[in-house]
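You will see subunit A twice below: alongside subunit B first, and alongside subunit C after that.
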Partner chain A sequence: MASKGPEVPLLSVEGLSFSYLDSPRAALTDVNLKINRGEIVILAGQSGCGKSTLLRCVNGLIPHMYPGDYKGRIVVDGDVVAETPMGKLAQMVGFLFQNPENQIFMFSVERDIAFGLENQGLPRQEMRRRVDEVMGLLHIEPLALRPPHELSDGQKQRVALAGIIAMRPNLVILDEPTSLLDPKTASELVSLVSKLNKELGITFVIVEHRLELLTPIADRIVVMDKGRVVMEGTPTEVLTNPASSTHGLAIPPVFSLYSELAERGSRLPRAPLTPEEMAQELNAP
Partner chain B sequence: MTFVHQNGVKALDGVSLTIEKHELVGIVGENGAGKTTLVRHINGLLRPTSGSVLIDGADARGTSVAKLSRKIGIAFQNPDHQLFSESVEHEITFALKNFGFDDALIEQRLNWALDFFGLKEYHKSSPLILSGGEKKRLTLASILAWDPEVVVLDEPTVGQDAIQKAKLLEIARTLHSAGKTIIIVSHDVEFLWSLQPRLVVMKRGRVVEDGPCAVVMQERELLEDARVSQPQLVALYESLSRRPASPFQDVSQALSWVSGERR
Partner chain C sequence: MYWLASGLLYRRVVSPFTKLDPRIKLLIAIEFFVLSLLASSVIGVAIIIASIVAVAAFARSLRRVGRTVAFSLIFATFIFVLNLWIGLGLLRSLTFALRFIAIIGSTSIFFITTSPDELEQIMKWMRIPRDVVFAFVTAVRFIPVVMLDAFQIMDAQKSRGLELEKGGLLSRVRNLIPVLIPLVVNSVIRSGELAEAMESRGYGSTPKPTSLYGMRLRWYDKAVLVLSLAVFVLALYIYHFYTFPF
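Right, the complex of A and B next:
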């Protein structure tokens, strides 16, 4: 992984609690979390546990756009989110919404991808280069001139992602990025995340329910329950912890198989992150 | 049948497909393959450019969307295209009232839906403030509450954790054994593998494969071409040097085979 150090975390969440204005209960309660530069972290937990709310606190939508009761603080790359203008945060934190329709609005796919770059004031040539590059990475060149609202849902998700990656932020936050992608595009996205992390040092925080896709590249899984962080560790640590299924984590089938075998006294030398790794272990004489 | 969007995109290109009563059908395929476009024809939301859609043997062209909707419930891929009520409760009871169910039954179905989909504490809330997964469950709740004969779910597992997915699996199986016809569009191959439906694979507006899930999921090249991955247990099975006659249906099957081998 790219330059990773425990020194100063890129993102630090300190004693954060938040309740939405007209909601009877707290969406987040005393959340503490540090994300180091160069990490890939999965944020998991049951539907409604507060994952998207936490992400909104990182990119500043909370407290800038959502009224409510806010305690504690978040620091991104030295800036306290609540005191930093949205415009500046948008340059630092790339954010993929859970519903791509919330962030694509231009007349054509390529204009949409260029939108964030225009705001960065990049020279035209560099903009063109980056737009072409991300369209290539996400296989959307054929859609370049199509109006985004006429695309299929998965195509919209790819366009939204392209717009974010083109901006090369230090921190990229993806709220269920594969939820609408076909399986091959989903695994290509995973490779892309890994590549951007290794080559450009981009740090990723990713909300994802389909853990089988992302565990092979993740450094850490953070699990939330009812607005609190309840567990964190490497994918192997979290997935072999019996409590993880009570938090709604989908243990990948080969991982369950590994744990069940271990329980029966037949422990394999290493925990397999993919079916192929599992087969290798089992095929070994 | 063929369907061409207003912008000239041919989203369906010569599709022929027959679905019998009581069938459980899964539809997979790459982004933009035409899955959503296809299922929107089932209740007449879209009408074919050429060819025809027959429901119960009658051309759907001659039947209004309202009439088809009495029999066919479709939960949309994007909740924001479906949800419109001011409260969760109204969203669920809307169709029930519209179809003239009596108050006691409405109450009963509402409570079932709120409970099953974990939405009880939000029954007075606006759908707008729900989390992504909660919104999705509300779209499912508002369709399943009135118990349609044909249930069409476009990407039902999106945003759902393992506990919710297990419930979806349970309800799909229950409805299927109660004789309903169920059509599920999904990219979630692990979910489909647990469900074991008849599996239809689409690519570029065409149906490129149609058969039992256990068979189709082993056709690696075809799946690759349609941008569909194999479920983990199938991929594992195919990479084993010694293996049983057919892929593992679930982890416990895999476990007993592997344990046997290692003894």
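Right, the complex of A and C next:
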């Protein structure tokens, strides 16, 4: 993984409050958050807790596209989001939306991957090089000339992600990336995220309800409730804390079992992240 | 319904004709179009239709062009009957009807053998503003998506007891309202998501965007260009100096 530590964070949200135009209720209230380079962070919380609003603030859709009452500031890689044009932000922060269908604009996969690069005005050879490179990385070369209506949901997701990775962002946001995928495709996506994180050093912020899918690769979980950040820490810290279930999280069985064992006094030497690790810990002499 | 929808989707067919530069394909279609408008005899139009069929066969798209032309037969018959009725005579009525078929055939050859990507390049080459081109591109891109949406809504409403095929013409049209309203709402939501995704990928961030694909005239395109112009001029010459017996 890329260098981690207490250096300047890649993303820092400082005292952010926001309410949409004509909305009496604040969507975000005094949010403070720091995310370091190379981290994989899960953003969790019930629907309507402000996750999507926060993410739209990070990539600049708020306030550039959606005006409203905006207080505080967000700094990504040294640039203040509200003062940076969308075109530049698009190169720094990639955003994979929930429905991949609505992010594929072109008639062939390779052309769509090049969409963001065309918007940047890159020369053709450079685009060709990057498109081929990304297709290789995500194993979608056989799809290069396919039209989007011939792709499965999982393939569409990979194509949409490829279009984002081709722009070489430092930070990639995934908004409920597995909600349309079957379990096998979902776990393939998780290994892909882990691979991109290790090989390219990309930092990920992922909104996900199926926590057990991502806890094995995540460095931290940030929990939001009613527009505020209410908990923050490693998966084990957050998910074994009794308070986490009050914020509507579905605690993966591994963590509830671990808490249960701890309550009964048999403390395992190491907190497991997967059922396999749990089995190992239990079998250890 | 599904059959009709599949006719709207572009299918990639590889043939010597489809591989031509899209501008050449457009030129050939225009040449056919002009000749069909000028031809004033049954034999003349018949020759043009025969050439269109030959080009369609060369493009391995005979069946798809044929399907479009088959749709136009209803209108061609209507044109024939109408002209006969107003007293233009058998031969002239037949010429008008056949001319209509030739026009449909020449335009459908272009649209069937040209991918939406190539259409986009032609539009850019014509210096049509990028936003207009992009609106066209997304409209074509989302035809299959919205179709699928419509079928799903139809199934959902049918399962709640909506009877689409019941009643006279007027009530059938009225039956479509519960399908159309959700379809429009879905499309509006979709367009919002599209706008977000476009912004997130830097649409409009530079006044001079580039393109992964480009158009280039190869020797093969140039040869076809010269050939087609020669045949066109020859046809104009024949049209001007020679009168077919009927």
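Here are some notes:
In this text, the second predicted complex is superposed on the first by the 247 of 285 C-alpha atoms of A that agree within 3 Å, B and C clash if a C-alpha of one lies under 4 Å from a C-alpha of the other, contacts with A are read in each partner's own complex, and residues count from 1 in each chain.
By our rule, a residue touches a chain if its C-beta (ideal position, glycine included) is under 8 Å from a C-beta of that chain, and two chains touch if they have at least 3 such contacts.
Quantities reported herein were computed from a predicted structural model and do not represent experimental measurements.
Contacts of A:45 after superposition on the shared chain: subunit B is touched, whereas subunit C is not. In the superposed pair of complexes, A:101 makes contact with subunit B and with subunit C alike.
In the superposed model, A:17 makes contact with neither subunit B nor subunit C.
Residue contacts after overlaying the shared chain place A:194 against neither subunit B nor subunit C. In the superposition on chain A, contact of A:234 is made with neither subunit B nor subunit C.
Judged by the touch definition given at the top, the superposed model places A:149 against subunit C, while subunit B stays out of reach. Touched by subunit B in one complex and by subunit C in the other are residues 99, 101, 147 of subunit A. Only residues 9-10, 12, 115-117, 134, 137-138, 140-141, 144-145, 190, 193-206, 208-214 of subunit C touch subunit A when the two sit together in their complex.
For subunit A in complex with subunit B, the residues that touch the partner chain are 20, 22-24, 44-48, 52, 98-99, 101, 146-147, 150-155, 158, 175-176, 179-187, 209-210, 212, 245, 248-254, 256-257, 260-261, 264, 266, 274-276, 278-280, 282-283. By the touch criterion given at the top, residues 56, 59-61, 64-65, 85-88, 90-91, 93-95, 97, 99, 101-108, 110-111, 114-124, 127-128, 131, 145, 147-149, 163-164, 167 of subunit A touch subunit C in their complex. Interface residues of subunit B, counted against subunit A in their complex, comprise 5, 7, 9, 29-33, 36, 77-78, 80, 118, 121, 129, 131-134, 137, 155, 158-165, 187-190, 224, 227-229, 231-233, 235-236, 239-241, 250-252, 254-255, 258-259, 261-262.
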